[in-house]
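Chain IDs A, B and C follow the sequence of writing; residue 1 opens each chain.
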Amino acid sequence: MNQEDTTSQSHVSLDNLVEQMVQSYLADGQMHHLNATFLPSRERIIQIIELTRRLLFPGFFDSAQLTTETVRFHVGDLLIQLRTLLNEQIHQALRYGAKVQGNVSEASDHQAAKLTTIFLQRLPEVRRMLATDIRAAFEGDPAAQSTDETIFCYPGIDAIFIHRVAHELWILDIPLLPRMMGEYAHNETGIDLHPGATVGESFFIDHGTGVVIGETCTLGKSVKIYQGVTLGALSTKGGQAWRGSKRHPTIDDNVTIYGGAIILGDITIGKNTTIGGSVFVTRSIPANHTVTMKGQELEIHERRKRKSKKGLEADSLLDFQI
Amino acid sequence: MNQEDTTSQSHVSLDNLVEQMVQSYLADGQMHHLNATFLPSRERIIQIIELTRRLLFPGFFDSAQLTTETVRFHVGDLLIQLRTLLNEQIHQALRYGAKVQGNVSEASDHQAAKLTTIFLQRLPEVRRMLATDIRAAFEGDPAAQSTDETIFCYPGIDAIFIHRVAHELWILDIPLLPRMMGEYAHNETGIDLHPGATVGESFFIDHGTGVVIGETCTLGKSVKIYQGVTLGALSTKGGQAWRGSKRHPTIDDNVTIYGGAIILGDITIGKNTTIGGSVFVTRSIPANHTVTMKGQELEIHERRKRKSKKGLEADSLLDFQI
Amino acid sequence: MNQEDTTSQSHVSLDNLVEQMVQSYLADGQMHHLNATFLPSRERIIQIIELTRRLLFPGFFDSAQLTTETVRFHVGDLLIQLRTLLNEQIHQALRYGAKVQGNVSEASDHQAAKLTTIFLQRLPEVRRMLATDIRAAFEGDPAAQSTDETIFCYPGIDAIFIHRVAHELWILDIPLLPRMMGEYAHNETGIDLHPGATVGESFFIDHGTGVVIGETCTLGKSVKIYQGVTLGALSTKGGQAWRGSKRHPTIDDNVTIYGGAIILGDITIGKNTTIGGSVFVTRSIPANHTVTMKGQELEIHERRKRKSKKGLEADSLLDFQI
């Protein structure tokens, strides 16, 4: 069979394939967005984040040299770009939200412009908060050689930067955008920090991969969290019926939570308390306490080598004889 | 020493460097692909995934507006692009596979075209399965505000989308491609879901970072898994000798597995059973049961501050006194 | 209010917004890099890694066909590109480092060229080490079908490749660059392997998401590590005061560490020892031993359904009754 035959044969079935896909679209209403253009764009949202990053950390991610003389023009230019993009995406998101709620009258241009301005006016405060986070990261990690290193290299800084930006949009009740930003951060850093969570200043997540912080968490000042920590809900078998209820922990000021600890439910960890690694906590802990696992007993014995039935040198079951 | 000297000095050693690298290539056969072009391209495979995503979720990731009128052209265009790329990459992969097995006669163009067509015909069914996954994600998470949000923002949806696509290629015995797709998903989502695993409909992974699901796992319908869960093998010290054997768990319908649980070996978790967080399971569990850790005892005591030898305010050992 | 009004209103506040941002910059010295251009570029560093990848694995990531005849030209071309970029970025990093330490005399061009050459001369040895890692990955994982698959698809190989490159720059005391490379690997793979760590040959990390290996770790030959393992420090409450001290584990030859194990502090795990999954270790373990959790007792009971106050079918607390 020559090339042409193959092609023509495949060509025939293309019509069928198209027809099958179109039928598949028409069969359900949830998995397509035909006849509707009001969706935010992931690409643009990433652009918004990167413009904001350059605005908040001037000179760190720019190729051109910035001086105190030129910076004003640079900032003006970034702000104009950011405002345009943000205005467009907020508008899309508001129209999307209105449509989902069956609200026929579209969200006005005016509303999008107003929310954009409110957001931009919050940026200096966001920047002030981030400065406290950067100091916390540097001071909290002996491996950090400078605050610059934390800005360039720390996923925890990346995550809290995106979070503080997304949280501002969350407060303004803008649909989808904050979550899309949060998921971009999750993708980049392995830290799943829901934009609904309230996070106090001087926050530091070290390493970060696997951290999950739920929607209704409230974190005080100077909280420090290590990789693999979950601040989650108890069983959410009820699913959508739990929507909106406070179901995640409150963490008070100066709490440190070591790697792999799992803290679940609407409980409170009091000020200055330390939660040890891998601990599983489902009730409130008072201030100024330390929580560790009690006597995780280890079995330590010399290895004995045996031939398994498969003739492999396998003491596999010993390795996992729990 | 001026600039020119430095350059010329470095220039001299370039010949040496080239020679050393070439010698390094010739010294071993496993780490180069000289004289062979039959390798799939990671870049193209990502293009294939993104084209498929646009095909399965029309209107979600497109910049142009789609209507029920125009969608047919859109689908036709996407299918043509997808077929061309897929045909090319499947052909490369088959030639690669034939060569690895010492099969001199190259895989024919015809075979690649045939497998491409079979794959494309499976897409409506893949889409039907994904619709059940999206419903499961929305219904299973009180933080989800719409099914759209799960499509835009949920790494679990991203992972199962790529898995269902990759698994179709796995079933067709196409070398390398399915694993490269799976690893792209792993990279994007932190979820390591081997394309060999069989996954029933209405599957939901929440948060997802750190999840590992091994090659010979079988998962029923409506399985729900949280971040950090491992469905793995027992010790694989035997390495390659275990290849192909069923060494991972079977999970029945309606099983929920909470964060950090580790389930190892060729065991079965029965229908409707719940596995609690951080539990370590290496034996089968019957249907309709709940498995939790028994009494992880916590040590909770007030913090005492002491000066350490280094003069640091360190109660470090207390924090980890296990 | 028409479009023009909105725009002009917003336009007025742009001056204010610019002024507020500039004031925010001037208020602190740590979060901007005005009047200084000596920063390395993340984009260029990624280019350096990708060029090095193509140099070390010829034919794997190239679109053009390489033969033993043409490879010399290819290598020469890659080396020239790599040397140029590397020289530039090392120079930036050295100038940055000199400035941070208040050293007015800038690092010379000569120093950057010299370090670049030393680095390039180390590449054949780096490649030799990587060949042992690739063999370890293939032999250690029954799911691997070829060594090619490990090069294309294994995040553990990606992480150790970038680590071995970054570690060479670390040894040469080049600021920032090694950490930026390490963080790129962390971002791509979920493996946080500090460039300061010393890693012997035949190293294999399987799956990898959530692995953390600290700055002062020392790993022997043929060490095998699974997802979620932490080789960390004990409490670093002292922060910067601990900088430079050996505070992470030493792992001897042929040690295997299963998923989720946490090993903390300046302790030693002896040769041929196996650390079981999820074990928490803070003291040295002798050679030829196996360490597992002792009797994690499970509670296994049949599910009872009850109506909760909210009317949900919730046995949530049972699921987490610890």
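Convention: a contact is a pair of C-beta atoms (placed from the backbone, for glycine too) under 8 Å apart; a residue touches a chain by one contact, two chains touch by 3 or more.
Remember, it's a predicted structure, so these values are computed and weren't measured experimentally.
**Q** How many degrees of rotation map chain A onto its copy chain C on CA atoms, rounded to the nearest 5?
**A** About 120 degrees, rounded to the nearest 5.
**Q** Could you classify the chain A-chain B contact as same or different, where same means more than half of all interface residue numbers appear on both copies?
**A** different
**Q** Can you check how far apart chain A and chain B are, centre to centre, with Cα atoms defining each centre and the answer in Å?
**A** 20
**Q** Counting only residues that touch at least 2 other chains, which ones in chain C make the list?
**A** 190, 209-210, 228, 235-238, 241-242, 256, 258, 260, 264, 277-278, 280, 293, 296, 315, 319-320, 322, in rising order.
**Q** Under the stated contact criterion, what part of chain B meets chain A in this complex?
**A** Touching chain A from chain B are residues 55-61, 63, 65-68, 71-72, 75-76, 79-80, 83, 109-110, 113, 116-117, 120-121, 123-124, 127-128, 130-131, 134-135, 138-149, 151-155, 188-190, 207, 209-210, 227-228, 234-238, 241, 256, 258-260, 264-265, 277-278, 280, 282, 293, 296-303, 315, 318-322.
**Q** Which of the residues in chain B end up touching chain C in this complex?
**A** 1, 3, 6-7, 9-10, 13-14, 17-18, 20-26, 28, 30-37, 39-42, 96, 100, 175-176, 179-180, 182-183, 186-187, 190, 192, 194, 196, 209-212, 214-215, 228, 230, 232-233, 235-245, 247, 256, 258, 260, 262, 264, 272-274, 276-281, 285, 288-296, 308, 310-317, 319-320, 322
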